[in-house]
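Two complexes are shown next, each including subunit A; its partner changes from subunit B in the first to subunit C in the second.
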Partner chain A sequence: MKKTRPISHSWWWKVIALVCLLYTYIAGFLGTVPAMPILNETIRNLFFHVCMWMSMFVLMTVNVVYGIRYLSTNNSYDDLVAEEAARASMVFGIAGLVTGMVWANFTWGAPWVNDPQLNGTAATMLLYAAYFILRNAVNDEAKKSKLAAIYSIFAFAMMMVFIMVLPKLTDSLHPGKGGNPGFNKYDLDSNMRMVFYPAVIGWTLIGVWIMSLRIRFRLVEQSYLEKL
Partner chain B sequence: MKLLKYICTFIFLLFSVVLNAQSVEMADRFRADGKIYVVVFVAAIVITFIAVYMVRLDFKVSRLEKMIKEKKH
Partner chain C sequence: MKQLSSQVNKLILHEIRIEWKSRQAFTSIIVYSLASIYITYLCFRQGIDPITWNALFWIILLFAATNAVAKSFLQESRGLQFYYYTLLNPRAVILSKTIYNVLLLVILGMINFACYAILFEIPIGDLYQFLIGLVLGSMGLSATLTLVSGIVSRANNNASLVAILGFPLLFPLLLTTIRFSKNAIDGLDWSINQPYFIILSALNVLIIALSYLLFPYLWRE
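== the complex of A and B ==
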């Protein structure tokens, strides 16, 4: 009889993640990109920098979904998933900020320009830093989980405003914002799509993998502590 | 088996990237010299090492889970 494994223990999606990443790192350098002024060869950063944000966004969505789930189920496992999703999303958020600064230094002349998109993401990082501070400030487990779940809903909504809405309303140097044409207008041609989409899939799955490993580690830790 | 077929189709689809000529100043000379392959090789090695590391980490956590489970019963 075949044993059914939970999704966190199955390998097929982890293999897809690693194949996508290996492909991204080969085709990302060798594939054809449109020759754009100012950007030149750095347009390839799209494959590496933007994927960090996609991964962060997916993990933050997991955070808010499991936060809401916790509020309805009161199951401590849901809270654990939400917390670890937020932790993993911070890794990708910081990676996105740092890679963005390197790229901005080349194309915009400074690592930090006064751009609503940049300030918005910095504010988002602080919002999620506050999520962990809130968690550490409350001692009562149930109270902590409940407060964190409610806060994560606000944090997610503010993140959407900071990253998705505000930069579109005001002027931003980022493509697709403040009257700038989006990447899909002419930059992101079909050749780049062939690398960009697998890159997003790969990095997102890696983020989920890191999250699932952390959750499993925490569960082992918990059951060990219970035995003591 | 069906899954393997899907994965294979996916990979072959991805590798069908077409090559075109360019006009704006790009690192074409770098490519013509074949030095780009050094970069690609290094990047591929890095990602392979991360992959191996992640897989080993996964196995380690699985082993821990097994140990805890066996001790409980």
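== the complex of A and C ==
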């Protein structure tokens, strides 16, 4: 009987990711975008900066879901997935921060301003840094996984409050919020949507791909160490 | 349920009795925060504006809270933890620790506020609103730090880890509290502060519910 391969080993979704990204780069830089005051051509950052956050968010959700799974199953594989999801989401968080800062330098005149979304991002980055510090502080494997899972569930809840609830109370400088021109549902025209949705799919799949490669690498590493 | 509440009562009384016997922990925290308040007084002798006043007050309380609450699990020996483990419901342990720390921090916050208000004469527009913010903020601070202290006590018992793990978790709470008390200092109407009040209460409920749910996993080793 043919052994079924896990979905992370199959190739079709990687092709989709690459095609989506290729399309994003070509259509995102060459396609037509609406002319907006202040934003001008920097509106193209939507295809890169915003997608970084989406991808990071998906990976953080994976992290917390596998954290919960670990607490109920005590299976070390679940913890491995949670850890690698956090690592990959950190990469996308940094990429999102950098693309956002470059963009902000052109539109707001400064790379960092006091904005609720920026504060949320800073908190998220610190939370995940603390998550890795906690992991490194414990030597015992089972204990490390358990503590990390508990901390990540707590951190995810606090982060959701910070990113979802608090910005509703204050005006943000971000496009489409607080009366700023931008890409909310009336402004985002169909041309941009045609690029934006594939871009989100592409970047998210790339994030999952990075995560699954790291997981496979760690599994190979573990089996090698066991043989020694 | 009845057993849980009786265990919680006994544990809280036990904590208070231990504290009353030595009085060392409480006095050291009081001295710590009074000293920090006096340092800020010396630094801002020529006067201070309400925004800075408010921010400094909460930062001093944050550090005092970290020091006060960090000990809650760390001071217990391994042996005592095993003894508790055989006797008690883990939920009773976390609830009693949280309630005790909330009491401790509310008292600490009130004392801090009294000294701070004497040293810096800041006209507070709405004292009752400010006190509500103080109570809710201290509750959230101590509840979060209690769970973090529980996590750290299982990790490596390093007190500095409490600050590293706790501070990022406290961002949303502190931000809301500082906004709430700033509005209270300005004497704004309750209707402006109401959404912040709702968020603060919801955050407190969320934090306590999460510690209640997650602590048993921490306990089982």
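Keep in mind that, in the parts below, the second predicted complex is superposed on the first by the 217 of 228 C-alpha atoms of A that agree within 3 Å, B and C clash if a C-alpha of one lies under 4 Å from a C-alpha of the other, contacts with A are read in each partner's own complex, and residues count from 1 in each chain.
Keep in mind that, in the parts below, a contact is a pair of C-beta atoms (placed from the backbone, for glycine too) under 8 Å apart; a residue touches a chain by one contact, two chains touch by 3 or more.
Bear in mind that the values here come from a model prediction, so they are computed numbers and not experimental data.
*Asks:* Would you sort A:155 into first (subunit B), second (subunit C), both or neither based on which partner it touches?
*Replies:* second
*Asks:* Touching A:227 in the superposition: subunit B (first), subunit C (second), both, neither?
*Replies:* A:227 sits against subunit B, while subunit C stays out of touch.
*Asks:* Looking at subunit A, does subunit C or subunit B touch more of its residues?
*Replies:* B
*Asks:* I'd like to know which partner A:91 touches here: subunit B for first, subunit C for second, both or neither.
*Replies:* In the superposition, A:91 contacts neither subunit B nor subunit C.
*Asks:* First (subunit B), second (subunit C), both or neither: which does A:138 touch?
*Replies:* After superposing on A, A:138 lies in contact with subunit C but is clear of subunit B.
*Asks:* Look at A:21 in the shared chain and tell me whether it touches subunit B only, subunit C only, both, or neither; answer first, second, both or neither.
*Replies:* The first partner, subunit B, only.
*Asks:* Figure out whether A:65 sits in contact with subunit B (first) or subunit C (second), or with both, or with neither.
*Replies:* In the superposition, A:65 touches no partner, neither subunit B nor subunit C.
*Asks:* Counting only touches as set out at the top, which of subunit B and subunit C does A:195 meet: first, second, both, neither?
*Replies:* In the superposed model, A:195 contacts subunit B only, not subunit C.
*Asks:* Considering only touches as defined above, state whether A:113 meets subunit B (first), subunit C (second), both or neither.
*Replies:* So A:113 meets neither subunit B nor subunit C here.
*Asks:* Using the touch rule from the top, collect the residues of subunit C that touch subunit A in their complex.
*Replies:* Listed in rising order, the residues are 147, 151, 154-156, 158, 161, 164-165, 167-169, 171-172, 175-176, 195-196, 199, 203, 206, 210, 214, 217-218, 221.
*Asks:* Note which residues of subunit A are touching subunit C in the complex, please.
*Replies:* Subunit A residues touching subunit C: 71, 119, 123, 126-127, 129-130, 133-134, 137-138, 143, 146-147, 149-151, 153-155, 157-158, 161-162, 165-166, 169.
*Asks:* For the complex, which residues does subunit A have touching subunit B?
*Replies:* Contact set of subunit A toward subunit B: 9, 12, 14-16, 18-19, 21-23, 25-27, 29-37, 40-41, 191, 194-195, 198, 206, 209, 213, 216-217, 219-220, 223-224, 227.
*Asks:* Please output the residues of subunit B touching subunit A within their complex, sorted ascending.
*Replies:* By the definition above, subunit B touches subunit A via 3, 7, 10-11, 14-20, 22-27, 36, 39-40, 43-44, 46-48, 51, 54-55, 57-58, 61-62, 64-65, 68, 71-72.
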